[in-house]
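The structure follows.
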Amino acid sequence: MGQVFQFAINGLMSGAIYALIALGIVAVYKATRVVNFAHGYVIMMGAYFYYTFAVLLPASDWFPDLTYAPDWLATAKAEAPMFSPAAAYLSWLENLPRIAFGLIAAIIAASLLARVIERFFMRPLLGQSQFAMIMITVGLISVLSGVKSMIWTGDAASVPYLAPNPAIRFEVFGSPVFIFGANLASMVIAIAIFGAIVLWLRRSAAGVAMRAASEDQSTAYSMGISVPQVFARAWVLAAATGAVAGAILAARDGISPSLGLFGFSVLAIVLMGGLDSFVGVFIAAMCVGVLEALVQWQLGGDWVEVTPYIAVLIVILIRPHGLMGSEEVERI
Amino acid sequence: MKHTSLTRRGLLGSAAAGAATLAMPTVLRAQPSEYIIGASLPLTGPFATAGQLIAPALSLFESMVNGEGGIDGTNIRFVVEDSGYVPANALANYQRLLASEGSNLVAYYGDSTGFMQLVGPELKGDQARMMTSTSFATELANPETHPYQFMSGPTYADQFDILLQDIAAKGGKTVAFIHSNTEFGTDPIAHGQARAAELGIEVVLIESTKAQGADIPTHVTKLAQANPDYCILQGYVTGVWPQLIGGARQFGLQTKFMGTFWGMEKLIADRVTAEAGPFLEGYQGVMPYRYSYDMEDAPRLQQISEISKVALAGTPLENYMPTWGIQAFASLELLTIALRRAAEAGKDLSVADNVAEQVAGIQDVDLGGYYGTNISMENNKVGVGRVYEYSAETNLFTPTSDWLTA
Amino acid sequence: MLRVEDVHLSFGGVKALQGVSFEAAKGEITGVIGPNGAGKTSLFNVLSGFYTPSTGRVIVDGQDISGLKPNARAELGMARTFQNIALFRGMSVLDNIKLGCHTRLNTNLWSALRYFGSAQKEELELRADLEERIIDFLEIDHIRKAPITALPYGLQKRVELARALAMQPKLLMLDEPVAGMNREETADMARFILDVQEKFGTTVLLVEHDMHMVMDICSRIVVLNFGQQIAQGTPDEIANNSAVVDAYLGQAA
Amino acid sequence: MINGNLKATYAADERINNNAYKTAFVWGFAALAALFPFVANDYLILIACQYGIMVVAVVGVNVLTGYTGLISLGHGGFVAIGAYGVTIIHAGLTALSVPAGLQPFIAIPAAMALAAGIGLLVGLPSLRVKGVYLAVATLSASFIIIFLIELDALAPFTGGKNGLTTADPSFFGWVLDTQREVYALIAACAFATVLLVQNLFRTRVGRAFIAIRERDYSAEILGVSLLRYKLTSFAISAACCGLAGALFAYFYARVLPEQFELLLSLQLVAALVVGGMGRTMGPVFGALVIVLAPEFLKLTLGALMGSTVEAAQIRAPLQEIFFGALIIGFIMFEPLGIAQISDRVFRALNRWPFARG
């Protein structure tokens, strides 16, 4: 029982990150009717931006030192036992300036990237077939992955957690449960961002414009809504949340180009939830997270990789438009 | 190997024979102006770090050998290409080089288990060259099936043997295997299970992870629940293993971690220590070679250190040659010995059989300090290694065992 | 020939058809008329099997086809054209028409892969048949190789008719065949429809707005309004039916 | 009227090579391919074989995506099934002591049938979804196929991550144990595949596929059974990819699961987009570009930077960017691909000197 709890909570922690990534895919789809197969690679770029601004730049000679190291912190750190919660908090505090700088800079850089993609690759194809749109994003996969290899080396490196990372240990029904503090914090961050953005899209004028544009582009245009601006905004939103998700993932699992492949499993999750339903996608993300953790526990790591794909095939066969997606009405 | 040339010739007729002559213009043997040794390295892709660190070692080795008069008076030259760690790319590199260099190409340095497996069936007739590689795959240490491929260390299975012997000697009762889901990650697992059973060590967890971007918390959780005395990590290069160890340490697990050759690089350990703290303290693993700073009584390592200071000034390799470079040095050293012996015997070096014969004949030689002992070629491998331990304070791996033979 | 029995159709809360029942006699032209949104196209979609009615039956030649898939209905000899032209835009006129013969041909996958032999024989016979029976008849020989997108609207309508005729249908359903056409084109199309009926003895079911044409060529007329069938009879009866007049005047007012 | 294209019989009008330049091109190509093994060096043979295998696979994708309009991003999985299928079946036939000279005649069709069968299974979602849903479904299926191949539990059959060694095929005693000999097999299969699949589209079967692509519901109302033809399309498509996989296994003599991963699936679709979707010559042109692009890039870089480690290091990323740019460029500026461009050229040649364009 305690074990189930352990893996369930692990799963929820991954699920929250899936949801945050899925948010980007759904937002772009809702506004532009484009399913972005390259979203994983946008996230990978976000993670590498974070790596650059939080690790590489601060480590270079010409860049100002971004560690916060007053005397009291150094003393306290020296006194705190290694791997103790206190040490974890203190080392986070020490790194806070570069974490903050890295994250903000990564969000900005990812947003710029998204604007470029939207302006030069997506906008010229407005109104084209779905196949053309899918293929453009497939082409983007390759371009982004190549650009990444041009700029950064291929090796896996570590980046700092966004939040302090004390180990949390307690017992449930007599069996021990371990949680990484930073992962718990990341879950909270991911869910908070997800919730805030969904609320914002429901309530704000920008959200209304986005929905209008997705319903009917030309009508929205004639109503005075700047459709290109809506599109650009959706892409920026996706890239910015993607950068945060990328930073979280990179801190958790180490940074590597394989972050890009992550996007495919999230795409499976999005289809499972329903392309245009935030709620459905959130539920699917959490379910897949937990399912993966349980599979990991019972069947081992190999099976985890295909869990979302098996799940999406089953869901599509039973409910072709996902758990909560709306069916497109065919007309003759 | 099948001998089918007769039927083939019968069917294709003389036209094909003529074509073969056209395609291979150097039928008349002449002493080539230089010997080419080809190499595919993962200069990009998931293991780019390794490839980029091996590349300079090859050029150092080239200058070292040519400084000594090359092979029987003929210089060698490396042609290095990128494989991106994709076996088919490396195969294409090899075949492209074979077509353009013909009999000047005398040997090849491969970059992965996958490539060595893929190229294996192609190595026959005039398509065959002697090969060594970065891989310690168990399958390759078999002269029957892979007659033209050898390795300069123990196989991954042997490395597991060495580690498990060490664990048994230290009184370890339980062990976990965590491995990447790549071909080299899974290579020794079955053998390790069998060997552990023989030694009376219980394998409490076998966990497969992604080679990159693995879901660390869940893997650590499983490890924590199994809570073994020892954990052997296999199939990682730059990533995953440091994060796994870091996670386990934060949980206060007492498990001792061990690695095999590819997880024993000081540069990576140092980088992790600098970034995340001293949690690799006490990390152990098996290495067939000496670290480059362990230069006492090792003329070759001293020589490498000297030329590195000049040739690689200003790079991270100025004062330290990574284990992956040392592996390349040791492998190529063995290859060179074989090539030289074949050349002295007046044999054609582009005929893989001639070189393979000499490789097999390498017995009880002193290689100049790459290993702590004299070594012999047996079943296309060198079966020695020893256990090292990392210290986060000195940033050095130091030996904790004697030279063990698997 | 065709009998529709008490067909009801609804989408969510919207009742598109409420109890439509009529019969189209063999070899005659039957018209279905009604104001916009009366449910005419929905009725066609029920007939061709694209929508499944909530209750009611569709009977063709005495066989209940309510449960059949659209392609099975085509095999029974039901062909239709579409209100907003559903030609295959990536194919030439000739290929579109050939496609209409799909159900009549026998080439299977294996003979198709070989081509030479039975498939080629069938294709060449088909070509000759189409040229004589359809292309000459509908006077579209000058455009047979043209891509659909290059054709004017009126010709596209005619090609669609050609495609439906290629099926050698027993029942031909035409959804607004002259919508958006000028007087001359309308007259041409009306002539073609009458020719079809005379030459092949095809039963025709026709949805149309153009009252003149319907009154001229149909032998019976069914009137729908808001999904309900408000009248049926000969053109004369319909012209004098007060409910029909109300429905149309009501719409006009 | 199009001049130079007048025909006296329907048979002449139904011919595919309806102008002299096209005929000359096809026969010229065939002659070139036949002479090739007698003049090319080993490396050119390698490239040609890769090209031939790619053509067969892309023809398969073309049937499904180009003609039937069903997007698949997972055809690499079918190639894997063909490759593993032929290897395992071949080994099984040897174990059953079937005469060696007959083995490939059983193993290749059996591998294709296996791929087609799995294609039917993977095609099931296409009956309910299309577009992006189908793209993700096929992608998922290919991930699952590779996963099953790598799975330890199945490793006794599939060799797991270590792959399998394929025996050299023997055709009535002619053992193809050099790449030059396998070239003959590949070239023959590539020609046959292009031809046979082209034939489909001269008949009702092919027309039904195209109708489904254009408008599946109207196709159904015209009597095309969506169930039957969508699944048929999947099966043919998978069978072609299975054949490509079988050739792949015989050619490399070793199959590794990683050779069939996502990259291959994307290359297949990219080749189709570049060559021209729903066109006979699309796969022929597209595969050529995808196979030659890396070589071209290597030559260019070699000329610019010499054969240095730096040049080698920058090549792979550049190749990836170039590959992506090819897809994007063709979608944006010539969505009908090279086949469209070549059509324009042939048309212009045929009308010359009377008209242009």
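Think of it as A, B, C and D in the order they're written, each chain with its own count starting at 1.
Here is the rule we use: a contact is a pair of C-beta atoms (placed from the backbone, for glycine too) under 8 Å apart; a residue touches a chain by one contact, two chains touch by 3 or more.
Keep in mind the model is a prediction, meaning the values are calculated, not measured.
Enquirer: Enumerate, in label order, the chains that touch chain A and chain C alike.
Expert: A chain counts here if it touches both chain A and chain C, which gives D.
Enquirer: By CA centroid distance, what chain is farthest from chain B?
Expert: The chain farthest from chain B, judged by C-alpha centres, is C.
Enquirer: Chain with the smallest distance from its CA centroid to the overall CA centroid?
Expert: So the chain nearest the centre of the shown protein is D.
Enquirer: Distance from the CA centroid of chain A to that of chain B, rounded to the nearest Å?
Expert: Measuring from centre to centre gives 37 Å for this pair.
Enquirer: In angstrom, rounded to a whole number, how far apart do the mean CA points of chain B and chain C lie?
Expert: Here chain B and chain C have centroids separated by 73 Å.
Enquirer: Distance-wise, how many Å sit between the C-alpha centres of chain C and chain D, to the nearest whole number?
Expert: The computed centroid separation for chain C versus chain D comes out at 41 Å.
Enquirer: Do you know which chain D residues sit against two or more other chains?
Expert: 150, 152, 217-218, 221, 316-317
Enquirer: Pull out every residue in chain B that's touching 2 or more other chains.
Expert: Those would be 44-45, 52, 181.
Enquirer: Specify, in ascending order, the residues of chain A that touch 2 or more different other chains.
Expert: Residues 149, 261, 302, 305, 332 of chain A each touch two or more of the other chains.
Enquirer: How about chain D: which of its residues touch chain C in the complex?
Expert: So the residues of chain D in touch with chain C come to 2, 10-11, 13-14, 196-197, 199-200, 202-208, 210-211, 213-215, 217-226, 232, 236, 278.
Enquirer: Which residues, counting only chain A, touch chain B once they are in their complex?
Expert: Those residues of chain A that touch chain B are 3, 6-7, 10, 13-14, 55, 82-83, 88, 91, 149, 153-158, 165, 167, 169, 176, 178-180, 183, 249, 252-254, 256-259, 261-262, 292-293, 296-297, 300-302, 304-305.
Enquirer: Across the complex, what residues on chain A touch chain D?
Expert: 35, 37, 121, 124-125, 130-132, 134-136, 138-150, 261, 264, 267-268, 271, 275, 302, 305-306, 308-310, 312-313, 316-317, 320-321, 330, 332
Enquirer: Which residues of chain B touch chain D once you look at their complex with the stated criterion?
Expert: Residues in contact with chain D: 2, 4, 7-8, 11-12, 15-16, 18-19, 22-24, 41, 43-45, 52, 55, 59, 79-82, 84, 86-88, 91-92, 95-96, 98-100, 113-114, 117-118, 120-122, 124-125, 127, 137, 139, 181-183, 185-187.
Enquirer: So in the complex, which bits of chain C are touching chain D?
Expert: Within the complex, chain C contacts chain D at residues 48-50, 69-75, 79-80, 82, 86, 88-91, 95, 98-103, 105, 107-109, 111-115, 119-120, 122-124, 127-128, 131, 145, 163, 167.
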